[in-house]
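Presented below is the structure to which this report refers.
Going in written order, the chains are labelled A, B, C and D, and every chain counts its residues from 1.
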Amino acid sequence: MEFDYSKPHEECGVFGVYSMDGALNPAYATYNGLLALQHRGQESCGIAVNDQGVISCYKDMGLVTETFNDKILRELKGQIAVGHVRYSTAGASVRENSQPLVMRYIKGTLAIAHNGNLSNAYELRHELEHRGCIFQTTIDSEVIAYLIARERVKAPSIEEAVYRAMPKVQGSYSMIVMSPQKLIAVRDPNGFRPLCIGRVENSYVFASETCALDACGAEFVRDVEPGEIVVADKDGLRSMTLPNKAAKSLCVFEYIYFARTDSVVDGISVYEARKEAGRLLARQHPVEADMVIGVPESGIDAAIGYSEESGIPYQKGIVKNGYIGRTFIKPDQASRERSVRIKLNALGTAVKGKRVVMLDDSIVRGTTCARIVSMLKDAGAKEVHLRISSPPFLWPCYYGTDIPSKDELIACKHTIEEIGKMSFADSIEFLALENLPKMLGVESDCGHYCDACFSGRYPAAVPSHSMASKENKYCVPIRRD
Amino acid sequence: MEFDYSKPHEECGVFGVYSMDGALNPAYATYNGLLALQHRGQESCGIAVNDQGVISCYKDMGLVTETFNDKILRELKGQIAVGHVRYSTAGASVRENSQPLVMRYIKGTLAIAHNGNLSNAYELRHELEHRGCIFQTTIDSEVIAYLIARERVKAPSIEEAVYRAMPKVQGSYSMIVMSPQKLIAVRDPNGFRPLCIGRVENSYVFASETCALDACGAEFVRDVEPGEIVVADKDGLRSMTLPNKAAKSLCVFEYIYFARTDSVVDGISVYEARKEAGRLLARQHPVEADMVIGVPESGIDAAIGYSEESGIPYQKGIVKNGYIGRTFIKPDQASRERSVRIKLNALGTAVKGKRVVMLDDSIVRGTTCARIVSMLKDAGAKEVHLRISSPPFLWPCYYGTDIPSKDELIACKHTIEEIGKMSFADSIEFLALENLPKMLGVESDCGHYCDACFSGRYPAAVPSHSMASKENKYCVPIRRD
Amino acid sequence: MEFDYSKPHEECGVFGVYSMDGALNPAYATYNGLLALQHRGQESCGIAVNDQGVISCYKDMGLVTETFNDKILRELKGQIAVGHVRYSTAGASVRENSQPLVMRYIKGTLAIAHNGNLSNAYELRHELEHRGCIFQTTIDSEVIAYLIARERVKAPSIEEAVYRAMPKVQGSYSMIVMSPQKLIAVRDPNGFRPLCIGRVENSYVFASETCALDACGAEFVRDVEPGEIVVADKDGLRSMTLPNKAAKSLCVFEYIYFARTDSVVDGISVYEARKEAGRLLARQHPVEADMVIGVPESGIDAAIGYSEESGIPYQKGIVKNGYIGRTFIKPDQASRERSVRIKLNALGTAVKGKRVVMLDDSIVRGTTCARIVSMLKDAGAKEVHLRISSPPFLWPCYYGTDIPSKDELIACKHTIEEIGKMSFADSIEFLALENLPKMLGVESDCGHYCDACFSGRYPAAVPSHSMASKENKYCVPIRRD
Amino acid sequence: MEFDYSKPHEECGVFGVYSMDGALNPAYATYNGLLALQHRGQESCGIAVNDQGVISCYKDMGLVTETFNDKILRELKGQIAVGHVRYSTAGASVRENSQPLVMRYIKGTLAIAHNGNLSNAYELRHELEHRGCIFQTTIDSEVIAYLIARERVKAPSIEEAVYRAMPKVQGSYSMIVMSPQKLIAVRDPNGFRPLCIGRVENSYVFASETCALDACGAEFVRDVEPGEIVVADKDGLRSMTLPNKAAKSLCVFEYIYFARTDSVVDGISVYEARKEAGRLLARQHPVEADMVIGVPESGIDAAIGYSEESGIPYQKGIVKNGYIGRTFIKPDQASRERSVRIKLNALGTAVKGKRVVMLDDSIVRGTTCARIVSMLKDAGAKEVHLRISSPPFLWPCYYGTDIPSKDELIACKHTIEEIGKMSFADSIEFLALENLPKMLGVESDCGHYCDACFSGRYPAAVPSHSMASKENKYCVPIRRD
């Protein structure tokens, strides 16, 4: 739940408000909503508002609290709003790529906030460039904007243009589109990324997660269905279904790591799923120990579950420094060789002389994990047994989760036993792939979730070209700092 | 020459460097060039560089010295560069509209810096939107970028695409285009805005004014001709001529106010032209007086000319505070009623008891002028005779000069005598329209300059729609402070 | 442990490094140490370094990560360093008051970092002013600096000057003084505030809490004793004892709320003390319930203890948003009336239909507590039983803890039953005053801790004047923001 | 008048307002006054206001327009104000040293703004340190503050304390002191630095120069006399004379370079003095030439005078870029070797083929001058004859003017002929020392001005120690940038 740069990351959070009855102040509600979605992206953020058809936008690099202040929010007057928080990889980490994307087209202005990853983005850009299109950013939203704009020339309405445009894109998208009169939420046919609907009186809210509804005082109505287009306008809510419907394949890593523990995604509580993973691990891989601890923050839920099932007491064994964000200066090599405990610290009096079961949500490269186990042992822990509440990462993701290449994935190159040794752990066990349905209380992945990064079973198209290598050839704006 | 917000203003300065031989550091040379062009635009600025085909860009709101620092310039590595300084009207005064515009298109990336005003921009946008184009800014460069990108799909080279695209636009443009391999300067068929070529060894420089060549140590080669496309690439300089050639119509206000006094524009020294205007006024409208003074900065040149012709001694009578820029806080009403002399101050010991001839370059609304005359009288001047080194403003400009509407132009609503009275001046005289050719040493305006704002004779197309009123309906990004 | 503005707050954290052998980089070690002490003060921070007797200092308003960057740390070269993090009340919340205080005096320069509160500061200032002293800040460090400087005129060494000066001040101080050659740690005779010694090879570290030793890789040596002066210089560590020794009276609120859970203060683990408070509450005030939860962060430790003792399972019931710091914009009144859950959110799926025991560390005004209980009930909790791991606040603190006036303390005006009702809780119980020794495993408060804010038993002098009201009459520098 | 870093510089400007009748808003009036005094110091600035005895202060590094904004000025409420602009040498160029200095002492608070240089500052500091004083800055104001504070213990009033304290200091000071009830202006017995009195209704203004009176709409009353203490309080203005009165010795360089051309200092117009210097040079050192030009800004006045006397026409020959301030990035060595003309540019069309007389105010190291002459010759000037409107610098200044050491003064090591050659000038002449009285229209320097930097005749004490070398041993705060 807290952002960890050694973990796979997902790219964005989206939020929208349609408040013709004034039950919500759109800019402030979006600010609160984005605060609640900040864990989905800390690099840049933005809010666009629509005041009687005129769209204003403010966006910049930085956290929501760093980017906005009261003066800016007061100036963002309007009846409709759309907001976005973004994470991105280094090369395109520039102001130009922040969202929402605001653009003028045949029917006035449009603002788009998008969470996901188009697997055919390269081909679409190529084709559009051949028709004389120009691109000023490297984000998928700009591709989508063109597709919608081109359809809108002939389509009778914005929602119809969206309906016609979206089948052309492959991959994942949970998207909010704001037109002069409407707010439209769209979720890709696989429903890779979450998207839900909330309500305050006659005002409507769309958000990536339910925790953002809580943050603005909205009650949960329902999730947007995979392949659904939901339109909020002066007549209330309406729904359409994209023609290319598919089986639901929500990214299972939303439950394991991305989503906030207090969110309910597609009807399943994230907290309960994480605790269940802990319980399953306790049953599957029991161990004699004096205490169960969790790596903050997402490991804690699984630890509580493991403790419940095993009867071994839950304890705090690791303390996180809450004042350390992205800008913190890394310790120099000299001090790294000593055991410097800045971001996480072992709770020495608790772990000293004890046999510890430590729950973590996943292992990517294995280095962070090894460092934490060492720290606990330096602090006096007698044994450390690692329990990982997800299966090993073995495959790349093409739908928006940024997983390192196979070269860097420890599970692609080492057996579980080797990983245990490399982690200095006395034992290590992963949640079994076949336990994922149990974790979520469903029959199987089919129609429910995507676990391609663990299983290699991809529920949708996989890109034929990779744009990644091209990206740096484009435009690398210089940041002032 | 110094920016005065009560004066008409022109919109931009452009600068470009092609330095394959390394004789110039493109980023630093552009920084120096933009410093020298800062009087043409103080709102935003930017530099894009091209390093082996990869384009990087840094741009922001603010002066050149505020926007760039050594660290940024060092990161802007490359062999080619293009830069821009911009002024703009309030509504579109946003970061998104800063230039150069960098975009990806069919053949890689392109950076465009543009000075001028397309008179058919509204129609072109409308037409492009009907083909599904989207616009993310409100600047003309984006329209031009589309036209070039669409031509480039079929054209064999970037310069050929420029050649085919430019005849579609009407109005004024002095533009620099940077492609992965080339730097291209284009001047509209009327040559409304200046553009010149400089050289250091085998490196080439394009700039709005010659003072920018001096600033980077380049020698003047020649002006870009109206309707000319000049291409700098690995083979040196090449030239093409646009098919829609017209008679040269350089904006005469470049000589009167816009250009820096040390620039030579289309072969005519700005300083000499301004002094000649003073001499012509002395002959045309002599007066008995003790001293001649000029309103800093551009009135001083004319004052020196008036003094030379009349034999009345030139004196400093008004002192300008050089530390006051755009951010200075206006005095409150209370202190404005008293005679507060912050930006300009009368030199009391010089003017006390004297009959003063005061030269200024132009009168727009008349308020600034009246305030200065009052100040001199408060400081003890016995008489103040106003001599204006341009004719009265009577007509709007469609080619890039921001002249207020007729309602605000004092000369549209009052006789010269009335203007004199409203200015508290003992006499007032303007340069006669028929003296403009003499000022520049030419036979007539024809084939030389545009004086439409004084004469109403427009040398090129006039827009059928005004986009101005539409602009605010678009996107008004909020500025943080 | 996380800073809560509705809680009493303590004023500072101090850190110092003496590294003649180069085992530590003083500036970076201090940066890491201050990061670990950030919970003791978020308003301003600073680091002074001593390079061969020349002292440099950098300090500013803001968090440690906001104030320092790599460039600044690299410029802070030296062999000795002293750092400070500060909290303060509104009136004196100005850059001038940030620490360390650096000053030139008879023997060169001195830097002072101070945590505590002099109860006779007003009298000392008054007396010094009568001798012609001038004050440029409103911090106690400046008073101490004068006392030391005046003694140093006659004293043979800096430590002797400190020894002679400190008995003149009353109240609390844990202080680090850096002279051209030495680093000196001093703790007041009552030892109100913690201060400990760490070591890396032959380099020495002084810090407010042991968690800061962990952060820079130092091993714990021992606590500085109440009334002890510890001198680090080229000969290693030396110790002196102040003449006015008293019984140890460490502020008990350090265990309850101030100190970080992973610190060990005067030999007692903060985590164990907090858990023990939970266990004592479980025995003293049992209740039938389905789950035990804690208010993040400090309530969680007590909740784990309560769960252990009662056998009722520990659960996460409240989620804290880790991205919300000081600058977050408060929700407007309209949204506050709805249940907006931004900083803390109830974990609905966990608490729904459940009987909940909720542990919190203290109650001051009672408003925060009431808001959290309401939130849990709105989220579906059937019952909420409040257990507070400290006795009710009844008395002001004169030794550095900022407790509101009696008018604002809910326990001064209401019975426990009334507080329960005002909190919407189904039951409420506080830790008994007589359980505080048990919590810490000691016989009695005597010689161990100060609990004056709960008991009214003040172990040291109480001020005769209050400077608080005078402070605003002094100098209120304007912050730009 | 414009700041040139190769020129000697003076250290500060002071401004104060006493406005019990509300005729002036003290903060805004001081802002305007400091804008007009900005040429006296561009490094830091500050304003302190007094609202019913409570003093608030805002100060920072930077120009007046960079440091203050409307929000800050609005918060600076009060009836009395004092402001300061500061230049300083590198070592002490830190925020801590910005003024006004605000401090609490025996009788409340005091704010001090000081322009000048104490020649016995080192001895005074040393003596005060021996009495246990501590110093937090390296500015002379802190020494003065102590002297006043110590006298105030026994003196019946603040003005009496000032009267008793000031005779202890030697050197130059034009100072404004704000106490809870009074505003006091003090000028040293020699009157080295200017200080004048203005008035708006019953409000009083003190300022370094009369141009600051114009800027806030005040009328000039009179100069503060050397050795005079002027007190503004509820009873109006009162005057006292310091016991150690001496002959007036205003720094003659105020007329030559420091003061603004529109100021009248001690009854003499700066503009007229500069023009007279030009006339004297024309008579003393005539030359056959085609035009007279001045190095902007201060050389222009002398050029007008030279032109008047010689009959050779005045022309603009050098253009200054008004957008280049302190932060401009210096050209790299490569471009410096070419003739880069960024800050100053030759007006080629004016000077080409001409014999030019160029007036400059002074020559220090000779490098700037040589660069300008080269630039003119590169631009085609046939001959350049240098005329310097002051005598050669030969001696150090101990009263506040920062003149380089003899090693760096070109006139200490070379004959005038040699200087001419090193400057590439065809001839060079300085104003004769004996012409200085004529320039000012007085009989002799005696009782009028100090010309020690030219003549070596020091009118007051010269320091026995130099603190300069000690300064860096003190405290070198690190600037973030």
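Note that in this section a contact is a pair of C-beta atoms (placed from the backbone, for glycine too) under 8 Å apart; a residue touches a chain by one contact, two chains touch by 3 or more.
Listed by chain with UniProt protein names: A, B, C, D = Amidophosphoribosyltransferase.
Because the structure is predicted, anything quoted here is derived from the model rather than measured.
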Those chains which touch chain C and also touch chain A: none
Most distant chain from chain B, judged by the mean position of its C-alpha atoms: C
Distance between the centres, which are taken as Cα means, of chain D and chain B, whole angstrom: 36
Centroid spacing, where centroids are CA-atom means, of chain A and chain B in whole angstrom: 48
Intercentroid distance (Cα basis), chain C paired with chain B, Å: 60
Shared-contact residues (touching 2 or more other chains) in chain A: 69
Category of the chain touch graph - line, ring, star, complete, other: ring
Chain-chain contacts as defined at top: A-B, A-C, B-D, C-D
Footprint of chain D on chain B - complex, ascending: 2, 24-25, 28-29, 31-32, 35-36, 38-39, 42, 63-66, 68-70, 73, 200, 211, 214-217, 260-262, 264, 269, 271-272, 297, 300-301, 304, 307-308, 313-316, 319, 321-325, 327-329, 331-332, 334-335, 338-342, 345-350
Partner chain D, residues of chain C touching it in the complex: 53-58, 60, 69, 71-72, 75-76, 95, 101-106, 108-110, 125, 129-136, 138, 142, 145-146, 149-153, 472-478, 480-481
